[in-house]
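Next come two complexes built around chain A: one with chain B, the other with chain C.
Entry: the complex of A and B
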């Protein structure tokens, strides 16, 4: 366990110093800070627009960070030969991969916590929140996003065991888009009995394999005052269980590929 | 006592469109415990690939590889070996001391004093709290050596340990490697720095195109010497007459230098030069160097395989045209 934690700690230390990630984070933070000024552009209700906008910024920035953080993780270690000094020690490949993943997720968590903190601060300063209960309600949404991004990072880590960073970027981005925007579409296709069997089969495969990222988009209750999630605790537990299962499967597959990969 | 390293008919090949490409072919190596072993070869000869197989970083296609009596790649072996790769990179945000702590933690070692002592040993005691990004190449190489000693290894793999270093750093690293032998460690060095290898290695193996072309104790391999003849006022046409088996001839403004094995007749060569009007300046016998052995072994192998050093075969020239 100490080996995994050491690798995770080093990965975290390196990730939070990567300039490209800091630039993405800075852009996200800047948008969060100026978001209140943009609300006037929309005719919709001020509060709804502001909350949707800021949460959208956090989600988009986090997704970009999650992918950029992980696509280079394994290829960089190989290119810079750091992997050789590590794997020549009593470190098993699965420990290395899990350590890298945990380090990446920790860095992602830190960056998302920073963005969430800034968003809440903006709300508090501009008096857009009424009391701690509402603050908590909004803060839960980035937590769901964090679980979503941890899953996205696992997708990207899996691809990074065999794909180049550029290919991985598009693969992971594609999986995220399909899982976020088209999951319901593929579900409908897979249940349509009048469809060509081959198309139906393909739709079923995509629907089953691609994680349902859409289910982590729980922002509606926070954006639209008055809406409430039934059995919220159970829902978050279910989401966490779903993500952990998918993450475990992806990491196991990644370990199997990485075990036989020539580095 | 078992060998520190042993390979039997080791083969590593990769698939390509034109068929499998062998990077290592039927490699038989034996490295005794406690010796400094030089593993030499031109670029792309298969040196690093062999080291990676021995460390279990990549896997052989066929054949056997053993390290300290166990199969290469065995995780238990990693507790007793160390590896310093060519041009190592360390996480630049970390200081020398943090790097040591990180690598120590991979062995389960939590001993800050040990890390400091090892950094002192490689003369980095005063710089251990500076980030690696501020270290010179030589300092980074010394950190590499320090981290490779964390587990008090029985066997060290050093890939080009003195490559690209200034003369002072060069000597420091060389001296450290000699100290390792004094401590009873086995050192396996892959290097292009033939003068270093000649000074510190007990035995060497020369690898070319994945195959061992020469292997043995240095004093046995370097038996026999060479003769260097220098003459002035020689005609250019003389070069072709003097060139022969294992004889290198160069000419510059009438000054000719002939480098030949001492088994050849120096008298005959001197007579040929004199007959052409050349004036002999010197005839100097010298001990065979590792460089000579390397050029002979690799040159012979290349000739046997239809390729010359620094020139192309007719086939290759044809392919290009």
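Entry: the complex of A and C
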């Protein structure tokens, strides 16, 4: 375990020092800071638009950070040959991969926490939030995004065991898109009564297999407060369970591929 | 590890099943129930990048950006451009209540001709948008209220629908106290006089209770307002003979609504120029406040009803109204017992295309829309009103209304063919003009001004 934690700690330190990530983070933070200026332009919807924009900025920036952070993870180690130094020590490949992933997720979590903190600070300073209950309602949305982006990072880590960074970037982005928009297609397909049952079955299989990123988009209730949300705790528990299970699958698959890879 | 590990593959299979169970059993149903957009809907109108963002999970972000964009169109007066944005935003994020509310208002009120008359062909779409928004946001009173308001204020007809929507609004916990009072007016307009009294009584009791626990001035003010309205209503019920009608002794005593007053309606329509008509007529009621509805429409307008149309035309929000059809509705303001007005439809060919051959001009008056001081004479249902020529008790069940219609042809309205040199005039058989004495009534003589040196 200490091996995994050591690798995670090193990865976290590397990630924080990477300029490209800091630039992306800075852009996100700047957008968060100027978002309140847009409220003057939105008729009767100031708060809704402000919340939609700030949460959207956090989600979008986090997605970019999650992918950029992880696509270079394994290929860079191989290219710089640092992996030989690490693997020559009593470090198993699976420990290396899990350590790398945990380090990346920690860095992601830190950056997301910073953005969330700035967003909440903006809301508090501008008095856009009434009481701690409303603060909590908004704050838990980035938590769902964090779980979502951890899953995206796992997808990217899996691809990084065999694909080059550029290919990985598009593969991970593609999985994210399919995982988000397949739900809409699935709905259309499942409601089409004239469709071949085999096609419907295949659609259901894909719907079950491909990670469903859409399910993590729970921001609507925070953007438009007042909705009656049933079993919210169970939803967050389910999301966490679903993400952890899926991350485990992806990491195991990554470990299998990485074990077979010649480095 | 390089050896195949059956345990690892077994674990993978187990996890794959587990994730499917968690997602399909807990997450997905919960998400669909609480967080999913209203419907996938068609996203036509979004640019490629917006579409990508919307589908990639940033629906609310795109909705927010679009709504910011809509504001600039409001400022520019580019109302046509706002409509698709409203539709897109409501599809992307069906919980943006203010977008629904603003969209309904915009559709129903803002498409106007040069004379500030709304394009009534859009109103069913506004109603459908309100119904869609209410369905998507059943936890709040707002869109139920807004839809009811459309029937009450814009349509001013079909009051059972208004009652239905306002009652739904009042069931919601978040309804604002000040807005609760509207339902008693709607009940009255729907002829439900007793329900209005019962509703006011219930509100009064609630306001009394609230006043005990809330010493703020607003609580007392609210209670006083309801009490005053309730008192007035009870007095009106007595004076207008409501209790007597219910008790079966209406014939035995004198009430304000007796005997029915003959309004002496007459009207004449003159096509003074192409697409310009002059409407004039008589209404023998001296107090100011009467507005007679006039409708000029295609004779075969598909959803037309006498003096209006079927406003609830289903759930589809159609932002492309029947542009080949004409439907003009306006109010004729009565002053000095007559009305006279030129209606110019020539400047708005899109609203009034006049594509078919036959048209009707309808005149409609119901005491339900009258101010209270006129209702004091006419009653809630027109029991104190009559017209020896045009009283109608069929077109609005339970009401005594004044209604008549006249026919015009396309050639007459456009002043072409044989009507290019002749002036088309259609009128009720009793129209006899105003006479010079009545015209004098327009001049308000202030002593001293005309005689000053």
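By definition in this document, the second predicted complex is superposed on the first by the 239 of 263 C-alpha atoms of A that agree within 3 Å, B and C clash if a C-alpha of one lies under 4 Å from a C-alpha of the other, contacts with A are read in each partner's own complex, and residues count from 1 in each chain.
The working rule: a residue touches a chain if its C-beta (ideal position, glycine included) is under 8 Å from a C-beta of that chain, and two chains touch if they have at least 3 such contacts.
This one's a predicted model, so the numbers in the text were calculated from it and none came from an experiment.
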Margin query: According to the stated criteria, A:6 is in contact with first (chain B), second (chain C), both, or neither; which is it?
Written below: first
Next item on the list: Report for A:82: first if it touches chain B alone, second if chain C alone, otherwise both or neither.
Entry: first
Next item on the list: Scan A:137 for contacts with chain B and chain C and give back first, second, both or neither.
Entry: neither
Notebook entry, point to check: Counting only touches as set out at the top, which of chain B and chain C does A:262 meet: first, second, both, neither?
Noted result: first
Note to self: Tell me the contact category for A:177 with respect to chain B and chain C: first, second, both or neither.
What the structure shows: second
Notebook entry, point to check: Which chain, chain B or chain C, is in touch with more residues of chain A?
Noted result: C
Item checked: First (chain B), second (chain C), both or neither touched by A:231 -> second
Notebook entry, point to check: Which holds for A:90: it touches chain B only (first), chain C only (second), both, or neither?
Noted result: first
Next item on the list: For chain A, give the residues common to its interface with chain B and its interface with chain C.
Entry: 92
Checklist line | Contact footprint of chain B on chain A as seen in their complex | finding: 2-3, 6, 10, 13-14, 17, 80-92, 262-263
Next item on the list: In the complex, go through chain B and note every residue touching chain A.
Entry: 52, 55-59, 75-76, 78-79, 81-91, 93-94, 102-103, 105-108, 144, 147, 151, 157
Checklist line | chain C-facing residues of chain A, complex | finding: 38, 41-45, 48-49, 52-53, 55-57, 59-60, 92-94, 176-177, 180-181, 184, 187-188, 208-209, 212-221, 223-224, 226-232, 234-235, 237-239, 241-242, 245-246, 248-249, 252-253, 255-256, 259-260
Item checked: In the complex, chain C residues that touch chain A -> 1-2, 8, 11-12, 15-16, 18-20, 22-24, 26-28, 30-31, 33-35, 37, 40, 52, 55-61, 63-65, 67-68, 70-72, 74, 93, 95-99, 101-102, 137, 139-140, 174
